[in-house]
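You will see subunit A twice below: alongside subunit B first, and alongside subunit C after that.
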Partner chain A sequence: MRFLHADPQKVVLIGILAALIVGLTFASPHFLSVTNFTNVLLKVAVIVIIASAANLLMVTGNFDLSVGSVLAFSGILHAYMSKHGVAIELSILITLIVAMGWGGLNALTVSVIGINPVIATVGTLFIARGFALLIARWDGGANIMLGLPRDFVDFGRDPVFGLIPLAIVVMVAAVGTFIFIEKKTALGRKAYAIGANLKSAKLSGINTVGIVSLLYVLVALFAGLSGVLQTSRVGLAAPTVGKGLEFDVIVAIILGGTSMLGGVGSTFGMLLGALVVGFTANGMVLLGIPFYFQTIAYGGILIGTLLLSRKFDAKAAA
Partner chain B sequence: MNGQDENIIEIRGIEKSFPGVKALKGVSFGVKRGTVHCIVGENGAGKSTFIKILTGAQPATRGEIKLGGKPFSPHHVSDAIHQGISCLYQELNIVDELTVEENISLGQEKHKFLFPQKADNLEKAGAILADFDSTVSLGDRVGSLSVAQKQIVEITRALVAECSVLVMDEPTAALSLGETTKIMQVIERLREAGMTIIFISHKLSEIFEIGDTVTVLRDGEMVGTQSLEGMSQPDLVRMMLGKVVAEEYIPSTGARDQAVLEARGVSTRKLKDVNFDLMKGEILGFYGLLGAGKTEVAEVLFGHEYRGEIKRDGRVLRFRTERDALRAGFALVPEERREEGIFGLLSVMRNIPLMNLKTVMRRGLVSGKAERDLADKYIDLLQIATSGRNHPVALLSGGNQQKVVIAKCLNRDADIILMDEPTRGVDIGAKQEIHNIIRDLANKGKSVIVFSSELQEITGLCDRMVLMYDGMVRETLRNGDELSTDYILEVVAGKEA
Partner chain C sequence: MKKLLTTAVVAAGLTATAAMADDVLVLGKIPYTLEHSYHQSIVEMFADHADKYYGAKTIVVDGQANSDTTLSAVENLIAQGVDGIALHSPDIGMTAAAVAKAHAAGIPITTTLIYPETKNAPHIAPQEALSSHREGVVAAEKWIAANPDKPIEIAILDFGGFEQVVHLRTGPFVAGVKSIAPDAKVVAQQNGFGNTVKSMEIMLDILQANPGVNIIFGGNDDMALGALAAAEQLGRGKMDNGVPLTEIIAGVDGGENAMIKIFDPNSSFKLTQGQVRDNARAEVDTLVAMARGELAIDAWMEIPTLSQEIDYWNTTLAGAQRFLQENFKFEGNLAELLAN
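Showing the complex of A and B:
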């Protein structure tokens, strides 16, 4: 019962999730199936993998709007290298390192120099997207699809233990890793301290610049990893994927109870938030609700979560 | 009573309550027309609250104000301006991107079909402005002016609005010496022109230079209103600080003969050639009025830039950041508890180890048990009144928040502990407890520097005290029987030692 007492927002989310699942089970005969759940999870996985890291970044009071572009860039880079003869493993390694470079750029502008994260990471958003388009152009087309080696898609499509898609395994691992970081490591403790009071954190000797920088790099790393996973699974690298993904990530995080001002939030809450969004979207598709209503509902959820978040912030400030 | 001598403002029994605090407890005085009336008091005396009431930014809870014989109870700032009271706030209320002319007519534009028209009194504004400072013209962009010139623009705006009372809240706080002289001349001219000025400053020399009458506030109460003529600076300081009830001083038990810290010729923009030693096991107090430079000394010891030399155990220190200072064995209990000390959203348990996470790490990971034990240890040791270690620190009382900050600092196990206003906003009981903690630290061989604007705290607690005035160390005294609070007050009020 201490858990219930401690965090009403999580209880609400679990309630909503349960209601969605039960409701949709009755509303649609296609809902309760392994295939459908796998589809929902695959969709959610891209968001959750990135949001695991981005959640802790937001706990420090910062955020990253460039994740969608970094994902697209990484997918293209990986496809380009694989197509041009670089071994899959090496290509993935290089892609992830370059992705961390984008995080490094964000770290430099936001954390070291002190530019507002909205402006700085939107800058990265455009630059990374531009390079993604450029690499696709070098390859000679809009997308990279033809000529990808066999093992390129094998990596993304072979289920782990012949059972679970890799993206879902990575998602579980990412969530697990960040729950661990949040609960058991100095990094986690310091991230919360920075978000709760940056000035106190500095005066307490916490390396605020270093920790926020590290988190930006980690977020970019996970965005790159998502890019690789997505491209490999689909067997196609498009420079235009992931537009708006940054908002999916932020919505999941805020819905999960993390404050945009920092200091409050949890990885588990973020997971619940992402699942609520995922199942809502899935339900609307299954119920045949037209696309535009889905977009409207998504906007409604976004504003609703912000209101919810404000309410909780106000409570914390009181 | 003739027209010249009549009080332009009559203040009767003004009270102001905030939830849980009474900021003003019955203030009454009159302001004579055409005088410079000063209001002084230390932090928390109620000056800012009073100004806010006078300028319509906040309503009074009780009491009445008469302006020119008529009841005056402004509902908002523009109300007060219309009735003739304008205010120059500490933070300039002026738009850098606009021209002088636009700033002067800001908020007073006459509108025609929603479009602002040029104010018809610009000619007047130009004349007033030229009179004060011929180098400023109406077309200048305000961003290109100096702070003093910006203030002149604000004064001009107030004059154009035909105010009869001008409230100036620390107008010289951000000014250089030359600029201060200039503003003083402007005030002098305004007085000659029949304007009434209410002047708030913590620089006593300015009060004596420009003021006619002074009203002293202390802890929300009105101490008195007196003519400044024939009054001395120590008299005024005594009024400001009140009777100092000496807490019984118990010396720290250590030998206190080995210097752990030596500062020589430390200077910054504000500090001038500051020298002092800190002994092992000693409580050293820094005392001075607001703005004397105590906070700056604390800042220098915690990573701010300075010229001069600071030695720690004989080794010259050079640090650039707070982290360097921490590594050199310093820990700070900062002045602004909420902004710089606590992590309000986090629980007591999460706050305490943050200056030294190693104390809760076992084999590289945070141990929940170690965290709980540490929290329990300090809750018990410092008697922190909390409903539990998971209680957010923001919800504790001021005194208990301060204890959490001190616990965080103690857990650092630093050898030199800096405490900036360690008991500000803390109730009497907790204050005594915090003093006992500090003395305990010194007896265990730690060295503590206490920065305080409360003389009682300094004389009751510190083994030696450094008296500051205007960025300089005026005198260093040893605590003991023959200590005279009167003498200390004279020194910090600016008397040459």
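Showing the complex of A and C:
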């Protein structure tokens, strides 16, 4: 009961998740299996990895709409370098550094210059996407697949210790890291302070520009890493992937209870939000529901969850 | 810098104006989206053919897979006073509006692949339905020959909203399979969004729900490649020197990424179809004929082009190499790539 009062949004999400799992277990004989749960986790891995960092950024009252393009750019850059003889490890390192550069650009425009995050990160979205398309054209095609070395694909497909796909390991690490940051570090506390009241945070000596900038760079780093993982797993780098990913990330974050105005939110809530979306999508395909209904269901779940949590919020406040 | 930019813009404008003033034919080409290799190739083929055979200039405006942008592109080309417009869009209503606008300005226009709502302009019609049917026939024959005791279960990845794809691709493919195996069932049909990553994610769920799926059709090669990636992740996607073990995957387009998988004897992606060159040539030839007054601009005419079916079992490697060279300006060597 205390938990319900403390965090009604999470209670709602856990309830929905439990209902989904129980319902789908009865509805589909193929739902309750290790393979299927692995599929769901792989499906949400990219969203969760990026949203881990993006959630804390949103806690500061900022957001990044360029993540899908940075993911696409990073995937195609990694593929281009790997194809043209750069060692996989070095290619990944360079890709992640360049990805952080996109975060640096967002930090500069939003945090330092003070441009609205929507405008600034949409600008990065277009530029990064354009460069992704250009790199593909430099390689001579619409995407890069031919000539990729064997270990390029192995990196994304070989399970860690022969058991768990790398994307899931990275997802767990990202969630763990950001739960630790938000609960136990000065960075986490300061992020909440900035989101709760920017002026007060500045007056109390918090380096608001530095912290928001650091979070933009971390979001881009995680988007870059996701690009590398996704490209390696699929075995093909396309400059058009990740379109709309920014909305998937924002939906997971908002479903998880993070306020777009900042100051409120948690990584665990975001994880629950992403899992609700992931299991819903998985369940609808398992049940053979046409995709038109699936898109309606996404919108319904988003609005329904937020309405339910508001109702609980009001009860808890009373 | 400003001066340089101004000079460049003025120079470009003068060149275009001079071309139009010199009675050089200027043709507009609006591909569906330049993000896709098929459309990148067709604009190149179109411009080459227009220049080589008619000395015509080509202005390419990307439709960006968006109806509003495509209609704006048509209006833009009309405003420039081009001598003809080749339009490719799956939006049948918008295409009808575009045709009406071009005709109102007295400008010839052609459509392609997806039939427009109104039939009042020449339509270049790749015969995809025939080849989709053939893909279905070959896939069913090969599956039954190798696995006579396993009934055929089909999974389809389509584009969701493009209703004519069912007449050109998915429907004929299923009919082809059923012509060999009347008991074959379509057990799953989902939107693959024309995209490899999305298709991989969705196919993982489809194969989870329907482990008996043994024939998969992707509405384009990108979706077929996504299906293959999903199958491989689940330990499937395999053939034994061309003998189906787990499933047979078919696609549409015939680009180099697909071809390298199709001719890999151990991959389960085995069939595709497509053509670029002949469609581009038909578009140019038809527009020029209308611009010269040899054809009426507002008369319905269907101009068929062959969409060549290609598969591992019936197409030679040399044939596939030639197809890629002719349609995608492929400069590599398929045999060498397969050896690596």
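Note that the second predicted complex is superposed on the first by the 295 of 318 C-alpha atoms of A that agree within 3 Å, B and C clash if a C-alpha of one lies under 4 Å from a C-alpha of the other, contacts with A are read in each partner's own complex, and residues count from 1 in each chain.
Please note the rule applied: contacts are C-beta pairs under 8 Å (C-beta built on N, C-alpha and C of every residue); 3 or more make two chains touch, one makes a residue touch a chain.
Keep in mind that what you see is a predicted model, and the values were worked out from it rather than measured.
Colleague: Contact-wise, after the overlay, does A:Val264 reach subunit B, subunit C, both or neither (first, second, both, neither)?
Modeller: A:Val264 contacts subunit B only, not subunit C.
Colleague: Examine A:Ala186 and indicate which partner it touches, taking first as subunit B and second as subunit C; both and neither are also allowed.
Modeller: First partner only, subunit B.
Colleague: Just subunit B (first), just subunit C (second), both, or neither: which does A:Ala196 touch?
Modeller: A:Ala196 contacts subunit B only, not subunit C.
Colleague: Which holds for A:Thr177: it touches subunit B only (first), subunit C only (second), both, or neither?
Modeller: Touch status of A:Thr177: no partner.
Colleague: Between subunit B (first) and subunit C (second), which does A:Pro239 come into contact with in this model arrangement: first, second, both, or neither?
Modeller: Touch status of A:Pro239: second partner only.
Colleague: Per the overlay, which chain contacts more subunit A residues, subunit B or subunit C?
Modeller: The partner with more contacted residues on subunit A is C.
Colleague: Have a look at where A:Asn207 lands relative to subunit B and subunit C in the superposition and call it first, second, both or neither.
Modeller: A:Asn207: touches subunit B, not subunit C.
Colleague: Give every residue of subunit A touching subunit B within the complex, in rising order.
Modeller: Residue list for subunit A touching subunit B: 6, 183-186, 188-190, 192-193, 195-197, 199-207, 263-264, 316-317.
Colleague: Along subunit B, where are the residues that touch subunit A in the complex?
Modeller: 302, 322-323, 326-327, 332, 334, 339-346, 350, 353-355, 357, 361, 365-366, 390, 392, 394, 408, 412
Colleague: Over in the complex, which subunit C residues touch subunit A? Could you list them?
Modeller: 35-37, 40, 160, 187-191, 195-197, 200-202, 204-206, 208-209, 211, 222, 225-226, 229, 232-234, 255-257, 260, 331-332, 337, 340
Colleague: Contact residues on subunit A for subunit C in the complex?
Modeller: Residues 28, 30, 33, 35-36, 39, 42-43, 133, 140-143, 145-147, 157, 230, 233-236, 238-241, 281-282, 285-288, 290-292.
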